[in-house]
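What follows is a set of structures for review.
First chain A sits with chain B, and in the next complex the same chain sits with chain C.
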Partner chain A sequence: MSSSMSLRGLSQLSLDAVSRSAIPTRSLMIAPQASCFSTSAARYANPTMKKKGMGAAPKKGVKSLRITKSNKDAAGSGKRPAPGERKAMRKRIVLSNDNALEVAGLQDLTAENALDASHQGKVRGIPEEAVDALRAVEAFKPRQGWSLFRRPAVLMRKETMELAQIMKKIESSEKSKKESKRIIVYGERMGGKSTLLLQGITMAFLRKWTIINLPEGQDIVNAHTDYAPLPGSQPLQYTQDTYTAGLLSQIVKANQGFLAATKVSAKHDLPLPLSKGATLKQLAELGAANPEAAWPVFVALWTELTQPGRPPILVGVDGLSHIMRESEYLNSNVKPIHAHDLTIVRHFVDLFSGKTALPNGGLVLGVTSGSNSPANSAIELSIAGAEARQSKSALPQWNPYKAIDQRAVECLKNVDVLKVSGISKEEARSIMDYYAESGVLRAQVNEGFVSERWSLAGMGNIGELERATVRLRV
Partner chain B sequence: MPPRLNPLSFSRPIAYRPKAQVQLRLQPAARIAPWQCRNYADKTDSAGADRSKRIEAQPLGHVSEEAAQTAKITGEQGPELSKGTPIEEVVKGDKAVVDNLPKVMQDAIKAKQSSSPPKGSRSYSTTTTPVTNNGSMDIGIFNLPTKTPAAVPGAKFEVPSLPLPKGSHVKHRYDPVIEQVTNLLMQHGQKSKAQRNMSLILQHLRTSPIPTINPDRPLVPGAPPPSHLPLNPVLYLTLAVDSVAPLLRLRSQKGAAGGGVALQIPIPLGLRQRRRTAVQWILNSAVKRKNVGSGKTGFAQRFAQELISVVEGRSSVWDRRNAVHKLGVAARANIVLPKRR
Partner chain C sequence: MARGELSRGLWRAFDSLGALSRPQCQSPLRTSTPRRIQPSTTARCITTSTPRAVEPTSDKPEVLEKFTAAPEIEIELELELEDRPARKTGRSDADKKFRNDKSKLAKLRVVPASPSYFSAKPTFTDDVINLLALLRKVATLPTVTPAEAPKVAWKTIDQYRIMTNEPVKTQRFHKMLHLLRRLNCVHPSLMPQEVLDAMKRYKKDSQPGDIVPSPGVIDELGRAKGVGRRKTSSATAYVIEGEGEVLVNGKSLTEFFGRLHDRESAVWALKATQRLDKYNVFALVNGGGVTGQAEAITLAVAKALLVHEPALKPALRRAGCVTRDPRKVERKKPGHIKARKMPTWVKR
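Up next, the complex of A and B:
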């Protein structure tokens, strides 16, 4: 018997089965319409209603046997959480603890002293308005320990001071030739890399820079938001309208003052009308409200921000290794789209590689993640190369047996690196004093205790230090 | 001072306790010779002491004790018993005894008398001073004192003062309640997960608002005011567990009532048993709570909320404890005490 013959026989059988089972309940007309091997008809048929009151009434004094519980009780009769509610709960960021004590004499960072070297090794509070901006750009992460203290404060460690020096240098560079820096921040897990970015954003906010932050690289490339090909791009690029609109609204919230005070100066061709003499804030809000126009608005906003005489720009991205490889999006040939073909990532990457200049000066920070980062040999290679350049030793060899992303290598060729290592014992002492004064560390902070905890924390890894002192993690 | 050696007991072997004499030479001259005091022996319970009632079965005291007893009988002043007696003092002036001493002791006495450097001492130092760690990497374990003088002979380092401070014993370094509750939270032997949950529970207690105490459900006497609790989450946990811990359990003893009927007999519980019961009750009602949110923190959150409701007197665990106590009081009559003779 040939295969086609056997198939037909089987399909006939299944049709027979369908028709036979359909007879008692539904009309005969459905059965012949059902295609072979299809369960759709049965699945999408209207549910057969149970006939009520047909059975004989239970006799008096006879218990009817109920073996199974009703389904309702098993599933729980309570209200189910709304979609997204549980994730919102998980990602909630709490920045204060009413039980923690107010730390007496905790100084805040201010616009004047934000970049001073005198903060070295001290704990400084983050002022209220900066906290709002940091919250808007999602610089606080849910796993960090902000919820244990009265209000957000940060340790101004050595690396922070280096970053402050760099920012100072950028600010003081000549007007005609503004300096810009591109830095990869790397280091151990829980070492304070994301917090360093947060400190950078804080200082930039206080110094009235423009802040653009991509809070998590993974969110851009994991195909959770819509995408569409950008018309007229060669090679083809893809825009992410919803994501871009969200980014625009974040930019508006973080840079309120400057955007509201500045008027649109150049002429842009936007898909939506913009009133004459509109401010940059209105421009950005237009994009935030209309996702389909978000990308042209972003491009227009960027053009405005890079006009001469505008403040320097801080661009940050956390989770760098996600955007240095292929994304989860698929193109029309069902091949993965490279992350660099997404317009937002492309924009950042061009800044990071130095292809696009920052005419008003600025800082581009790419922060690697220790806990959520796919292996990326391009980043490893570029870090090793930058370290070799900084220490003037021989450049590392590329391992030909390792898969490496050439586009990422091209992009990361000439970037500087900043290593976030463990804090010193003096810095540990200062932060532990802060912990103790906040009332969350119940121990006498003396030299022996500090150095014990510093050693337990892997030579001053600040996340581990927090875990060993404050988190009560046995 | 009379000679301490009693000629009557001369045939008896002399109790010789080895002393760290070689180490003694390394000590500075200003020190009191430490081997003269017997730090390792108890004053009240000397070597000769025995609890035997019969006099003939009691062993004789050591040399100094004997000498002291003799002196007491003869009305003279005997040696001081609070300190040990060095061997050369015992045999001082008695040449025959000295000649009969073992060779090592003779050598020791000779060496003591002569001021020449001890045999085997080098003209050069064999100890090294650690190089200051300026150039080398500091890994945080150089905080040990570089030179610890040994106060007690035979001990390499200074002897710690007893009792040891809290947390300095490696096997009991954590709070006992924390340790016990962590172990009770553990499932399938996954202790690390239990420890993370414990940490999250304490964190939740720390960030939760100050509890309001229900006067109908009093906490253990001596509890601190509720405002102190959130900043001391370990105390918070201990208080919650101890407050609902039952004092007793009911054992049903078969056949005690006759005719195969089981009889409930209240049995008092120890501290750890009480806490264990309380934690298991709390766990039971925490598991029944509804999980809000998602992720790894759900269980810890529910457990912590149950703890808070225990402290606030809202928890059903209190009813359970009261029921056990009530039954226990009722079953008091079943206790049969042994007859007095």
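Up next, the complex of A and C:
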């Protein structure tokens, strides 16, 4: 019965093969291509036909061996992330947590009180506009605990107040002879070095300084962006157009107010036409939009920023040890290019070594990293030297058996250092009160608890303190 | 050859008899022994009180229960010790005297020193009887509970067997130990000296608490030192009064220990006693892995803390910081892949 049915069905299928497009392709395979004896019976037969492969699985199971998995299984049940999605997830910065409680008495830093010494040991909120600027210059790092709290706030620790004092001094220096400072920030891993840079940028933003931040030294030298030799440079230097364009757009976002309000004053030799009376913002945007012109635009912008009467400049770089060594880029002889031969790095290094002055005053901060830093004996030596100078003790001898980068040593000869060590117990108390008020720390904050956590966090290492109190709740 | 051996053995026996310098029958037999005895004679002077050479000879007489033995026999013996030269000169005279002695000796009734001489384990029986007598004597004295009695390490049965040279049964020995324990329970302030002396015989040479470690000292800089070990790690910790700063091999706790758990282990002695903010610690640690090092520091810090505050010992013991963890890596055995792991079983 069934065989005759299927035969009839098959004959019908083969006959009007043109008209059936909705039939599954599998049945196409078994359809005989030969013509039937008769067509009439098939024509009038019931067209509803039992489709093959739609029935139940064989009762005794499938005995044939299936070695290969179907592609569907191999892909897994879930949806695979799109290219770049994983990295975006990894680098995502979340700055608020709706589940955290609003801290009642949290004061914000303002333009007036940003550099006040009265903040010492208090937790202060970062105002909204400063948060935008900080986000633009990538001052927030993915591994920091911003996502635990309602909104970004920072502890104004002793080192922050030292930095504020330095900035105050720079601001109050005479107009004709503006002061500038060059500082290496170093210290323990998770000790708050990058956060100190962030605090510096915040204060600079509130005090209307110009901010230029190189968020990660490794990104400049790891050969992930394009590079090209700079024509006419001796010795040969290399520009990184895409990176420079990105940097220009960051500068625009972070210094919107000042750049939009200031007109280009000098005549610049640019590869692209710039309308007369353009603002600095337009100049920078020109470079950001046209990577091939990015470097000349950056140079022009820098010239503009260092014109007399312009605000002081804060230049920051995180991950200093990466840019004090050979980069991953190769020259035409397939030799590694020294990081100092990259124009952006060279620009920063000249500022850092004091070769290029900051006529309007400013602060150059080089922040070392505790977790992502290749061994760099030049930095170690310069830190030891600066410490000896500050404590008026004998200068350290350098180990002749250690490979040392001479260019880096030259560059770091006369820089100051700022050590970021553990916070004091009072500061720990203050930040733990903030944790408790945010609702992320449920324990009662008393002296015993504070000092216990302070000890366990390696004498007040703030990152470890956060880890031990907020993240690793037992 | 066999004959030769026999004769040699006889000679040796004869010599040994002749070489006897001290009188062998002591207390019950107050007569002097004849010096020369023919080896062929059957009446041999055999000692009845066994010389306890294995026992430690004490100058004090042992406490023996009173018993009544047969009265001493008065024998007139002409042979005196002073007559020795005469005996040597006149052989026939000596022989006559000796024969005379022999007839008298035959009348002697030799009495054993101990009434339990004819039991299988005379020393042990004596010991038990003595202890029972002692217990009867002190039974009315007030006692303390066994837990409160002074801790004594009694001799093991093997040690006792070696001491007495008698095949003492375990059960009997344990019964004797019960007596000893009961005696030990007499209130220490009223413990009679004779009981203490009697118990000395059954104690091990070294008693628990005999070896007292020299007490730790706080040096002129205020440091107390402690040493701790765990697995293959060993740590030295110096504890000073301070604010809770900890350095391990010159690094901070967070730099040295990545895991929070290890950090807590390292300062657990201080944390468990709420002393973390009262002391500074600097520790030197080497060997082993991270966890072993952390737990070695625990022990070292606890010991150093005990120098500062000895009263914390029970608290630290409760926190598990006093006893060294004796576990170590078990050795690999031949035929095994690891200490216990066997190779996979294969049919053929």
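Here are a few things to note about the model shown:
As a working rule, the second predicted complex is superposed on the first by the 398 of 474 C-alpha atoms of A that agree within 3 Å, B and C clash if a C-alpha of one lies under 4 Å from a C-alpha of the other, contacts with A are read in each partner's own complex, and residues count from 1 in each chain.
In the analysis below, a contact is a pair of C-beta atoms (placed from the backbone, for glycine too) under 8 Å apart; a residue touches a chain by one contact, two chains touch by 3 or more.
Keep in mind that what you see is a predicted model, and the values were worked out from it rather than measured.
Contacts of A:148 after superposition on the shared chain: chain B is touched, whereas chain C is not. Once the two structures are overlaid, the count of chain A residues touched is higher for B than for its counterpart among chain B and chain C.
Once chain A of one complex is fitted onto chain A of the other, the partner contacts of A:454 extend to both chain B and chain C. In the superposed pair of complexes, A:89 makes contact with chain B only, with no contact to chain C.
Judged by the touch definition given at the top, the superposed model places A:99 against chain B, while chain C stays out of reach.
Using the contact criterion defined above for the overlaid structures, shared-chain residue A:178 touches neither chain B nor chain C, since it reaches no partner.
Contacts of A:253 after superposition: neither chain B nor chain C is touched. Of the two partner chains, both chain B and chain C are touched by A:472.
Touch criterion met: A:442 reaches chain B, while chain C stays clear of it. Across the two superposed structures, the residue set of chain A contacted by chain B and also by chain C is 425, 447-448, 451-452, 454-455, 459, 472. Chain B makes touch with chain A in their complex at residues 139-141, 143, 174, 178-179, 182, 195-196, 198-199, 202-203, 206-210, 230-234, 290, 292-295, 297.
Contacts from chain C toward chain A in the complex involve residues 243-246, 252-255, 260, 263-264, 267, 271, 274, 276-277. For chain A in complex with chain C, the residues that touch the partner chain are 188-190, 422, 425, 447-448, 451-452, 454-459, 461, 464, 467-468, 472. The residues of chain A lying in touch with chain B in their complex are 76, 78, 81, 86-87, 89-90, 94, 97-101, 147-148, 425, 439-440, 442, 447-448, 451-452, 454-455, 459, 471-474.
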